[in-house]
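Okay, structure first, notes after.
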Amino acid sequence: MTTIDIAKKPISRYPVPSLDDVPEDLRARMLEVQEKAGFVPNVFLTLAHRPDECRAFFAYHDALMLRDSGLTKGEKEMIVVATSGANDCLYCIVAHGAILRVYEKQPLIADQIAVNYRKADISARQKAMLAFAMKVATVSSTIEDADFEALRKHGFSDEDIWDIGAIAAFFALSNRMANMIGMRPNDEFYLMGRVLRKKEAAS
Amino acid sequence: MTTIDIAKKPISRYPVPSLDDVPEDLRARMLEVQEKAGFVPNVFLTLAHRPDECRAFFAYHDALMLRDSGLTKGEKEMIVVATSGANDCLYCIVAHGAILRVYEKQPLIADQIAVNYRKADISARQKAMLAFAMKVATVSSTIEDADFEALRKHGFSDEDIWDIGAIAAFFALSNRMANMIGMRPNDEFYLMGRVLRKKEAAS
Amino acid sequence: MTTIDIAKKPISRYPVPSLDDVPEDLRARMLEVQEKAGFVPNVFLTLAHRPDECRAFFAYHDALMLRDSGLTKGEKEMIVVATSGANDCLYCIVAHGAILRVYEKQPLIADQIAVNYRKADISARQKAMLAFAMKVATVSSTIEDADFEALRKHGFSDEDIWDIGAIAAFFALSNRMANMIGMRPNDEFYLMGRVLRKKEAAS
Amino acid sequence: MTTIDIAKKPISRYPVPSLDDVPEDLRARMLEVQEKAGFVPNVFLTLAHRPDECRAFFAYHDALMLRDSGLTKGEKEMIVVATSGANDCLYCIVAHGAILRVYEKQPLIADQIAVNYRKADISARQKAMLAFAMKVATVSSTIEDADFEALRKHGFSDEDIWDIGAIAAFFALSNRMANMIGMRPNDEFYLMGRVLRKKEAAS
Amino acid sequence: MTTIDIAKKPISRYPVPSLDDVPEDLRARMLEVQEKAGFVPNVFLTLAHRPDECRAFFAYHDALMLRDSGLTKGEKEMIVVATSGANDCLYCIVAHGAILRVYEKQPLIADQIAVNYRKADISARQKAMLAFAMKVATVSSTIEDADFEALRKHGFSDEDIWDIGAIAAFFALSNRMANMIGMRPNDEFYLMGRVLRKKEAAS
Amino acid sequence: MTTIDIAKKPISRYPVPSLDDVPEDLRARMLEVQEKAGFVPNVFLTLAHRPDECRAFFAYHDALMLRDSGLTKGEKEMIVVATSGANDCLYCIVAHGAILRVYEKQPLIADQIAVNYRKADISARQKAMLAFAMKVATVSSTIEDADFEALRKHGFSDEDIWDIGAIAAFFALSNRMANMIGMRPNDEFYLMGRVLRKKEAAS
């Protein structure tokens, strides 16, 4: 009855449940995403191997990523892509790179940020945001008040800074889970957002 | 009305709600912990600044740490302490070091594991467990099938290995949050479990 | 008279000559590439600021990349993409990622290898090849006879190993030049090879 | 007929051609160097195993090192020695250390710069030059406009900065080739330039 | 005849002499410490395996640690604890952490400094002192005059700076010896100074 | 009355006593070295700024370096030179490099070992010795029983291993002191042992 076509390449080192075997609440969410994106991202299916952890994972994700913020949705994805680049996490770079391209309607930006945010086509403010995120991702024990001060100069509020740091922290978890279980990105993500629809390109 | 005595030293770079201002469900949990431990650990109060994230954080924590597992509760805390040592996270080393001492009824073990698990008074199996956890914590992109094989030789099931890796991953998040907001450990943790009660010492 | 459309975003920190100002031999080569690819890759235009170095650069490039070898053309590009990933070189990842997709008729492989060759859809032999290339790229002073032995077991001849190491070494130069002058990849590269033509997909 | 005395210790992991077997143009160059230096540096003989790459290597080398520049010949060699020190490349430290001593008529400077340029008997301007070169050699993706600005303050033109960066980049290649093939420095280099001739010492 | 109770867990990879077998001068010193502390710290017993080195070790230690200085005895121990943390040396963190707690009459400070001196309950001046000590401990070749200048601004004399650097340097030796021979901290150290005596708490 | 000719370049960031101002016992030792070597090595003069520490330093040095051992005097100096290379310590590389050349009657070996012991003209046993010394110098907390086992296979006794590790540890101190005070090597060291006397060359 499931419409999900699990690729021949394994998408996890662990058993992956079929949509039918997934608890009702998680299945509802997956079907909703499938409706919208046309497929179920592998992060749902692979983490659903442990429903309780899976629920908490997406509750945390939504609390951070869907929250009203001084950051745009695109900026939040920039943080995900940059820090996932630092952690060499294939799943998150590919999947969130796609989302970033879609949100920003900018086909080049994800590859740029995944490799080196210093050279991306983004603002100085956004580069400062990513510098802080990278510090949280890689040497968080050295964060000092001066790091907060630097962001405030760019107009970020303290709540914005929490968002930046907390997204970097959450994807520190996400990257490690993906790397540990060998989570494979859906093939669909690689091309998504790379070709602008006419309406977008005109804008 | 709150009985919480917030130390003069700030416990977070962010505002800390009083127990009265915390949503009902979170307050209930905090009071429960207070009942048991005699105080509310600062991780609850400081993260409650953002209730939705706080709820997800503890849901995730409980899903991992309270789950039935091939690992003992003490072994799970060993993973927390070792990886928090790698991330130089004061809060998690001090707070989970205390819990580890209590669970293991062993006053030296937490300091040993926080500094260098190779020299701790633990089994070869536990050292293998921590070697894998440290790899997830610090260079997760290099995890390979051989790392799983090494743990299976020590009798760990694949579900046990998920536990090890997922705890390391969750505290990668936790350590970064604590370092980012400047979370201060409660003074009470430092001494906890260092002096065995007579009954324990006799056993 | 030049047909080159230099993007508004600077493609180098240094002056970029117009095709008319480039010495005859270099212009001939650029026109040849333009004929084939539809555009002149920025590496030609930006390095042409110094014609003598530019000539030597492409002579070296061709000596390595066009040489008959036990490695396929696609495998040579894998080495470029993997080591450029280690050096965080945007130009080389994007441009050679495109070439790799075209050669291998495989739209996913470049992103995989740029992030983490261990998880790419390639053979064990190719992973061994990339492990050696990464060692040359990052810690070449530790290369020992045992590293050669490991490759010979996968059927690589000593001349193949020279190819692997020399390509990694040449792009150590290339990556540093691109990073130093701020070489910007042509927009065209990002999409190239991501959509298979019908004929290719059928094969 | 060759006068080259190949040491009993192998000078490369690869076959080394005799002077007779080297293509005419490369042999001419080697004989010229031999005439001047009294011996053929092993870099010529070992790289001549692959004549096309060898030609490109020396064309690149000459384009950079013989070019008119705001840097003196000695300063160019300082860059080679400092960055080869960072890459632990025995051949380049020993051979170019010798050349540096000869150019600068200064017997101590090469050992100083190979170990720690901060403590060498050179000017503040030369230390700034080497700081940039080391950044290109080791973390080139972090080069920013501010790095250029810092050098301009010391009077370096943008063309001088290209020279500095390009020499560091070229020897990133050279160091890796030497480390990969196990290139052995000629014994003669070790002592060269360490004892000033009377005329030099008097000046 | 010896009163020393050597734990069942080995305190060194090397043979440990009994107090009776230790040369007279070293025994006298050990008995003196035992008189004062209630036990003989394992550093004495384990290093006494080589009496000449042991004598020099303690002569050096005393010359630095007992010397009149602009640093307090507690500040000197802060340097030991912070740099031993950087070297992951269990013995020195535990033993000198105890001494630090006793000197400072502050039960939390040692754990704080061992993990992350930036978050310890110490003054800005003391943090600057530890930043310099950490630089000597981990990247001493990059020490420059500016590092001295930074400390002078906090009121440290050049002799104070020697003390800071020399203590960091001496424990670079001590940490490596302890790690190499597997020196085990006495159990007594773990709890020492964690509970203030009434008189102290009142002050 | 002193015959010491202090170079115009400062040999320390700290005041350097004249021979007349040095305590009798240290002066006697310096004169003895001067008698033998023809000059007083700067390590004596610069450390004599603090006579007590200086005495302990040389007592420790002699206890290790003059001790009967399964290592030759030359092998002990190899350890000094290799680990000082890892610490980028100019003084120790230059001064002990000279001593190593003299002891081994081998003019090339010191430069080789300072840069990359893997490529030095030494035995496999000596390379294993240096691999252990480098581990003590750089990541001592990871030393395990297996590291001892590896050396025993090369015929090293446990006392030999102590020598190896202790020399690496002592020069961890020495390198940091030299780097901190800016100790300058005497010019004489650079050339010493590079030209074999006829008698030596004949042997």
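Note that the chains take the letters A, B, C, D, E and F in the order they are written out, and that residue 1 is the start of every chain.
What we mean here is this: a residue touches a chain if its C-beta (ideal position, glycine included) is under 8 Å from a C-beta of that chain, and two chains touch if they have at least 3 such contacts.
Computed from a prediction, not measured in an experiment: that's the story for all the values here.
Asks: Return the chains shared as contacts by chain D and chain F, ordered by label.
Replies: Joint contacts, listed by label: C, E.
Asks: By label order, what chains touch chain B and chain D together?
Replies: Where chain B and chain D share a partner, that partner set is A, C, E, F.
Asks: What is the chain whose Cα centre is as far as it gets from that of chain A?
Replies: Chain F.
Asks: How would you label the chain A and chain B contact, same or different, if same means the shared numbers make up over half of all numbers there?
Replies: same
Asks: Measuring between Cα centroids, which chain is at the maximum distance from chain B?
Replies: D
Asks: What is the distance, in whole Å, between the centres of chain B and chain E, each centre taken as the mean of its C-alpha atoms?
Replies: The answer is 28 Å.
Asks: Calculate how many whole Å lie between the centre of chain C and the centre of chain F, each centre taken as the average of the chain's C-alpha atoms.
Replies: 45
Asks: Which integer distance in Å separates the CA centroid of chain A from that of chain F?
Replies: That gives a centre separation of 53 Å.
Asks: Counting only Cα atoms for the centres, state how far chain C is from chain D in Å.
Replies: Distance between chain centres, rounded to whole Å: 25 Å.
Asks: Going through chain F residue by residue, note those that touch at least 2 other chains and give them in order.
Replies: 88-89, 116, 141, 182
Asks: I'd like to see which chains touch which, written out pair by pair.
Replies: The list of touching pairs comes to A-B, A-C, A-D, A-E, B-C, B-E, B-F, C-D, C-F, D-E, D-F, E-F.
Asks: Touching residues of chain F toward chain E in the complex: what are they?
Replies: Residues of chain F touching chain E: 13-14, 49-50, 52-53, 55-57, 59-60, 63-64, 67, 87-89, 136-137, 140-141, 143, 145, 148, 158, 162, 165-166, 168-170, 172-177, 179-182.
Asks: Considering only the defined contacts, which chain B positions touch chain C in the complex?
Replies: 141-142, 144
Asks: Which stretch or stretches of chain E touch chain B in the complex?
Replies: My answer: residues 9, 85, 88-90, 93-94, 107-108, 111-112, 114-116, 119, 121, 182, 184, 187, 190-191, 194-195.
Asks: Hey, which residues of chain A end up touching chain D in the complex?
Replies: 116, 118
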